[in-house]
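A short worksheet on the structure shown next.
Note that the chains take the letters A, B and C in the order they are written out, and that residue 1 is the start of every chain.
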């Protein structure tokens, strides 16, 4: 598949997910939490209940639509936190070098050595379940790749003539980092960020599945899977639809990331035209 | 801070005394046995207002390190640099912004020296804003004027570097160096990365700008033809030291140091049969410089004293021609044949 | 013109075809090099001089390909040869040295082995003999202490030493033609002088012809007896090297000679404004029609914009392609 089309397909899936999340109250048929009615319990998918209903008679379609809000919020916000931490550490470490570089390098290596999901689990265990602690736990544990990329880009960019020229013109360090270095490394950072967002959506699902993420009755895709665990044979639609939502969103983000890698790669722009 | 000895308005706009830049190179695990790279080791330079000083030498001779120290980008190990009356080398007084308004640099590679994500306008506007020019009309005016100065059209300001050819990019690089109205411009191999048929355009432009804007140049190059064409005075560096300095005629017509003679003889002259290799071997490892005069292992005039004693101090003759060589008086002026 | 020339290029066209566009990067290039002769190709980046050399040695790769014309080595067409025959020609009869010896040498193999390989590959020597010959080859290129240097890896040598090793590899099998593509551009001038001297002397001793490629007209004119000046994919002038400098016939050649400050010219003539060649070097995708130099030429007239100039023969085997040549 052409990487340009994969970026477009991925982007469309991601935009669709965001659209669903933004307009959830209008798209949903019933209230995802309060819309329980035992009369409709465990209905299979039909023209009335598109994705079926659960044991309490709540509309799965409405819950998946609302779940997009939480899953995407976690994915986007936690990855933004990761990117900011990673870029800040990597950029300053690469630019200043010295002991600060050693500290950041050490920290990055420690982070890479601990499985990030286990680390996030530990943080969640301390902070307790909930959206805020989920954002903190996922936002603090996945910046090491971004940091590595930012540091490596800084090391190769800082000897470029235009960075030297900026210093000669009297630019301060911060200004050089923001105006000269950051714009020239933003491509790979965005790619890593997009892929990381997919990872964060998955991590949210995993944590919620383990009961440490979003607590029921509020719907996130992961917590819905967790609740559906026991009925996977009797009412498979309970797990199929949130699972499909996760799958499509993460697939979209990965396709987008791969496609962007090609589009944003500075190597593919010719130096001379 | 002002140096009482040199007032602004004095004839000398840049003076360097005993500049040394040493880089410690990481040795053992515990910092033991680390070695010292003496990239620049005791360099004196003087640049007069309106003058072009050529700084020549082969790669690794320290000429770029000198340039970076002059611009305040490297902290010298010792020595004193005075730029237009301001002492640069006293650590607390280094004000990079003020320095930026005195001295600027034109870089070698017109492809790597422009930020690919910035339009020409931003490349020229940002420094002005940083240095306190706030009125948009003034900024626009100065950018347009500078583009005209370097032979570009003001309408081209909205474009990105990759839309320009190499020669045009170098014009943008020159515009950036001049936008703050500096007094001194350090040109680091400004034409060697350009296509041959483009070089004359840039050389002519640099010389015109020097006259019309009253600039002083330090011209760093390994191309002796360009240096001879542009320079008023020339300093020849070898292994971190200046081995000969003088007016351009002194250097090119009456070279006194064997290294200068070697450099000149090595230029292929199309109307002569061959470039002449008069120095054997290559630049010694600067980490392990030879005993005696640094050039002695390659020098065809070397005698016992040259291998034993470090080169003599730079003797300045009344005409301003200075040579660091034990046998300068015997071999002066004879070009190898 | 008695015997067949060593190598003869006739009306060579090299196509650049990257799917989207199809252009001729080199067009109508003809020249011949006799046995033991030195010939130079001079031009700026993108003029086609390096790919012409690659075509000669049979190393053109997609998106480049030979579109038309013939390359004859000792009268035999190179394109007609099988891949195995071409390989036997390369390295053995035609050798090449490149601008950056660091990238042309194998970084993980000792230099002695890389030289010995040539003897094993092309001369059928045993490794024992070949290693002995490698030491001799290094001594021939004036590498001090060759028996110790053969064990060195490329990164342990200086730029000048690496280029000597490249020359040793290239000349190992006594080739008939040495192609030198910007052999000294990465080196300092004093080292350049040594390498040039070495290359000239070794080739003169063995009767090896040289095709030297460079952007430095001064250097090429100095090394070679005849020089072809290339501009935008065509040879615009071919002369004896002294004639090129003293009395270039093509406006581009004259411009190149006049536009560079030459050592000693300021002392002789005073500092005058250098004569500029206006404009920019055209990109391969938009070579102008007619004479390709016409947008930058002060003497250009209507015919230059519409018609490709024919070859005009000058005295002493020289030629120029210009409607208004001097």
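Note that a residue touches a chain if its C-beta (ideal position, glycine included) is under 8 Å from a C-beta of that chain, and two chains touch if they have at least 3 such contacts.
Bear in mind that the values here come from a model prediction, so they are computed numbers and not experimental data.
A.B. asks: Kindly list the shared contact partners of chain B and chain C, in label order.
C.D. replies: none
A.B. asks: Farthest chain from chain A, comparing Cα centres?
C.D. replies: Max centre-to-centre separation from chain A belongs to C.
A.B. asks: How big is the gap, in whole Å, between where the Cα atoms of chain B centre and where those of chain C centre?
C.D. replies: About 32 Å, centre to centre.
A.B. asks: Taking each chain's centre as the mean of its CA atoms, how far is chain A from chain B in angstrom?
C.D. replies: Each chain reduced to its C-alpha mean, chain A and chain B end up 50 Å apart.
A.B. asks: Using mean C-alpha positions as chain centres, tell me how far chain A is from chain C in Å, no decimals.
C.D. replies: For chain A versus chain C, the centre distance works out to 55 Å.
A.B. asks: Which chain B residues sit where two or more other chains touch them?
C.D. replies: Residues 165.
A.B. asks: Find every residue in chain A that makes contact with two or more other chains and list them.
C.D. replies: 272-273
A.B. asks: Quick check on the complex: what are the chain A residues that touch chain B?
C.D. replies: Chain A residues touching chain B: 160-162, 164-172, 175, 179-180, 183-184, 266, 269-273.
A.B. asks: Which bits of chain C are touching chain B when the two form their complex?
C.D. replies: 44-45, 158-161, 188-194, 196-197, 200, 215-219, 221-223, 241-242, 244-246, 252, 255-256, 259-267, 271, 273-278, 280-281, 296
A.B. asks: Using the touch definition up top, name the residues of chain B that touch chain A in the complex.
C.D. replies: Residues 71, 73, 96-101, 103-105, 107-109, 111-118, 126-127, 130-131, 162-163, 165-166, 173, 176-177, 180 of chain B touch chain A in their complex.
A.B. asks: What part of chain B is in contact with chain C in the complex they form?
C.D. replies: Touch residues, chain B against chain C: 58-59, 165, 167-168, 195-201, 203-204, 207, 222, 224-226, 228-230, 248-249, 252-253, 262-280, 282-283.
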